[in-house]
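Chains here go by letter, A, B, C and D, matching the order in which they are written, and residues are numbered from 1 within each.
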Amino acid sequence: MQVKEYKPLIVAFCCNWCSYAGADLAGNNRLNYPADVKIIRVPCSCRVNPMFVLRAFQRGADGVIICGCHPGDCHYTSGNYFTRRRMALLFSMLDYLGIEKERTRVEWVSAAEGAKFAATMNDFAEKVAALGENKRLEDLRCKR
Amino acid sequence: MQRIGVFVCWCGSNIAGTVDVQAVSEALKSEPGVVFSANYQYMCSQAGQNMIIEAVKKHKLTGIVVCSCSPRMHEATFRKTAAAAGLNPYMVEIANIREQCSWVHKDMATGTEKAIILGKAAIAKVNLNTPLTPGESPVTKRALVIGGGIAGIQTALDIADAGFEVDIVEKKPTIGGKMAQLDKTFPTLDCAACILTPKMVDVAQNDKIRIFSYSEVTEVKGFVGNFDVKIKKKARFVNESLCTGCGACTEKCPMKKVPNEFNLGMDNRRAIYIPFAQAVPKVATIDPDYCNMLKNGKCGVCAKVCTAGAIDYTQKDEFIEEKYGAIVVATGFNPISMDKFDEFAYNQSKDVITSLEFERLTNAAGPTAGKLLRPSDGKHPHTIVFVQCVGSRCDSCAEKGKEYCSKICCMYTAKHAMLTRDKYPDTDVYVFYIDVRTPGKSFDEFYRRAVEEYGVHYIKGMVGKVSPEGDKLKVQASDLLNNKQLHIDADLVVLAAAIEPDKSARPLATMLTASMDTNDFFTEAHPKLRPVESPTAGVFLSGTCQGPKDIPETVSQASAAAAKVIGLLAKDKLTGNPCIASSDELMCNGCSSCERVCAYGAITYVDKEFRMPDRTTAIRRVAQVNPAVCQGCGACTVACPSGAMDLRGFASNQIIAEVDAICK
Amino acid sequence: MNKANENLREEIIRMSGVNPKKCMRCGKCSATCPAFDEMEYHPHQFVNMVESGDIEPLLNSDSLYKCLSCFACIERCPRSVEPAKLVEAVRLSVIRRQGENHLTANDIPALIDDEMPQQAIVSAFRKYTK
Amino acid sequence: MKLSYFPGCTLKTKAKELDFYARKCAEVLGITLEEIENWQCCGGVFTTAKTEIATKLSSVRALKDAKAKEQALVTVCSACHNVIKQTNHAMQTDAEFASKVNNYMAPEEAYNGETAVYHYLEMLRDLVGFDAIKEKVVNPLSGKKIAAYYGCLLLRPNSVMRMDDPENPKIMEDFIRAIGAEPVIYPYRNECCGGYITLESPALSKKKSNTVSESAQNAGAELMVTACPLCRYNLVKNGSEIPVVYFTELLAEALGVKEAGNE
């Protein structure tokens, strides 16, 4: 078996209107963050079904972060409020299952906050890396 | 199985500098469904696009993945390319390997590895893409404006100016609204009637505009472009087309003791009345609560004096049904009731008045013909105390008042104080303020003039109690800067009452499925970027129904709303966003979870007949998404407990495929 | 704000249940107060001084004993700040200390007359004595 | 109708007539007032601090006794009413306070503010009805111009007292009309007379009382009526030129039971 250097795998769901644009801005400004972060574009953070988060952990993700517009700024008026509530519930359940709170996060990043996006990702990746590989929920049939 | 073509862009050295594009296109070649993979210097160039078109034809591609810059940059470009090649434009996915890869990573190995994973995710998604076609719906080229104040008037004029038909529904007998009651307008002090009444006449004379006065909207159905609206024309017992507005009836009517609402009850009108001289339409209305003929059949004077034969005691409420493409809400505001603030003795003394009553008292067409006289004894007041923020900026637990700043009070109080000092220099004028808020063009200068040139006494503090003693109003107040309690013997006290949305707004919002905030102000689709649109498509907001505003702001918003309406009505057909929610009716259990989270009211329920497995039929309640109204946020897809609701273009299985591809 | 003041401030806020941060400095409490002229520090100053931790002067001021508990400031405050509750909490933090009673039984004979209702005396004891 | 009755200390001494006529009139109006056994002084003024527990226990005892008898609790004195009603409200809304009180008193059944608290005036308005009183009046005080003096304790804080509009009340005016007299409205009817400050600062109490009585007099009142012994004391002592009486006294007069009860 090949021994690989441990690198965390992080799935980031970004809403199309704020956070995805914030990520683009981070790129425009050449602000570095780890390549471990892979972004999935969704129309609104409220499109993120808790199933997607579970799926990611099941398939071996070490951390999942959901980024949306700031409260009050949602392109769809109220979508991020749903996200906030749904994820608060989900994350506390995941915590109960042994997926540490540091592995999950909801962050508000506006389209102007490229620097915040990069800083958030650096911080999140660092915290997840410190926790090491996530074994909980992982479906061993999908072992990397 | 799709036949996918992958196109990796170098973007000059922008991508190729950190990502080994050759390696990426090689690695993606063996992904499921991929039948062609290439790379090129600039995919977005004409040559690059031609390369895609040729590949589609040559390899019979059904899906395209472009590994390039952000989809926010060139997704539209490549969709057009796909369409030019005869593909459905929604069969294109972009892997963002520039902004989110090559530009943020420095190391070629890392960049290449990540680019491959991003490419795989896009391929996994395209494998599940389905061709999407935007829905189309026709547009009725007529607008409805609800409310005939300055906001509704301006919106209607602007829409009519662009050549579209507009109907104004006004619940009062005349249009004009609050502005018609005002005397002068800040900060320029031009008279409200002089600038408003010509606009009212323009409305009356514009052949594109119909006015339904003394009317209310009772039912709204349909959606953007296709509203069906029922309007109740209340019986005014006067035939509008015959009445000439001569006013003979209003002079002869024997019922003289009807409180005149136009002058806020400070004088009386007759049972048959025209609210004010410049009313539009200038048609009399009979008040059924006071008319003796209507109440007990004894009178009929107005019918006798009317030479036009316009009086019709048998008139009934009439219902009109009309189709509209767009609806503008312009329902306006009212000052709040002062009942809960009787420490200021509004209900205990006639000489404690609200600022709107003060407007009427100084208006040349008002109850005192413009002379500032006390309502109690008709004497000229020598000491006037203005109290600001009565009912504004209250705590939510205070059981009275509003939490918000009413915005217009600081300026109109400065205006009242200044005009009083200007006309009656022998009058002492005190203004008690908490803050003076004057953010507007020439606003602070105006307030400073009231203080510096006109000698208005501005005192930082608040009035605690007004005690009507004899013919004086004993005002007990604080002067915070001098740390003193003041006792002023005033002749008149004027309260800057908070303003609130008109009471008709709440039931109207329910009819329109337009959302409101806790204060019953209509909420805008986006507080910064879509300030004149309601989240409900096709419903627009004009004036103070959306929040406190002064006249300049109201007029700008009114014109902005008109521009949005014109933009909508100018289209023959509405093309929707195809990435919308849709419900699998076989899975839907009719629970309403999706309806409750939809900010746009796009989801309705229908009872539908289904064939059951045992060949019987059953009626089930299922959700239906209106494609013209859905904005595609996806909130409903997560709320749906049965998994019936999904979002086209961002379907659950597509996103899960992306997750899987990334985590592989 | 030093530590002692901060503790005192927290204690007074906890005791009174008042959130002085809600105050918008309109001064309606001082406008409505019937005992204003007798006070060195007025109701709006109580709110502001407690909020800023400047409580020492209040502890030593006679103003503590001038509040009539008429609840006018509580009733009329547009922000639900309830200044009278703060005045009471500051007063309690003084008279709860040993030997700080503002009124003793020995003072009473000199202060009363034959007609004075018990109510006045018990009320005064409630407000001035621990 | 049977109601629990809390007279209060002053009604047993300096304000006997307030108590006496209250009972007398209740009889006439078909209401039985059952005095709470072993009631204790309410303390005269409500201490607003959340940490004050002991000073409110006497009120809770009275409330608890009324609850045990499944009766509403009636008070006549404004001060008692204010203290008991505010204490009851605290028992209803402040769980921390209520649990401390219940822990201390250790009653068989926890008390959480279940008892309804009425002021005698509210009882007249809500349980008897002013119209019913009007019918029972045998000796209407016709033509008498009477100024109602609410003081501060009856109405404030309105969020708790819920008696009437705190700034423009009418319950006492309606009462005055019911007994056939004419109410006089004047602005200081809900302002403080000075209350207990009469011990600390007699001058302030004089100033406040005089403002009230002069205002009533200027408005043309011949008589002032109050529900509070301390208000009456302050107004009279500080030289009100018009008489100040308790409202129960007037009610007794109108119902024709005053002579009978004059001790």
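Everything that follows uses one rule, which is that contacts are C-beta pairs under 8 Å (C-beta built on N, C-alpha and C of every residue); 3 or more make two chains touch, one makes a residue touch a chain.
On a predicted model such as this, the values are computed, not experimentally measured, just so you know.
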item	value
Chains touching both chain B and chain D, listed by label	C
C-D against B-C, pair bridged by the larger set of C-beta contacts	C-D
Furthest chain, CA centroid comparison against chain B	D
Computed distance of Cα centres, chain D from chain C, in Å	25
Centre-of-Cα separation between chain C and chain B, whole angstrom	48
Centre distance in Å when chain A and chain D are each reduced to the mean of their C-alpha atoms	64
CA centroid of chain A to CA centroid of chain B, Å	35
Sites on chain C at which at least two other chains make contact	37, 72
Residues of chain B touching at least two other chains	343, 465
Pairs of chains found to touch, sorted by chain label	A-B, B-C, B-D, C-D
Footprint of chain B on chain C - complex, ascending	22, 24-33, 36-37, 42, 44-45, 72, 76-81
Of chain C, residues touching chain D in the complex	14-17, 34-35, 37-38, 65-66, 68-72, 74-75, 82, 84-85, 88-89, 92, 103, 111-113, 115-124, 126-128
Footprint of chain B on chain A - complex, ascending	9, 11, 16, 20-21, 23-24, 26-28, 30-33, 35, 38-44, 46-52, 55-56, 59-61, 72-73, 75-79, 82, 86, 118, 142, 144
Chain B - residues contacting chain C, complex	343, 389, 393-395, 397-398, 401, 434, 460-465, 476-478, 480, 483, 485
Residue ranges of chain D in contact with chain B within the complex	158-159, 165, 167-168, 185-188, 191, 215, 218
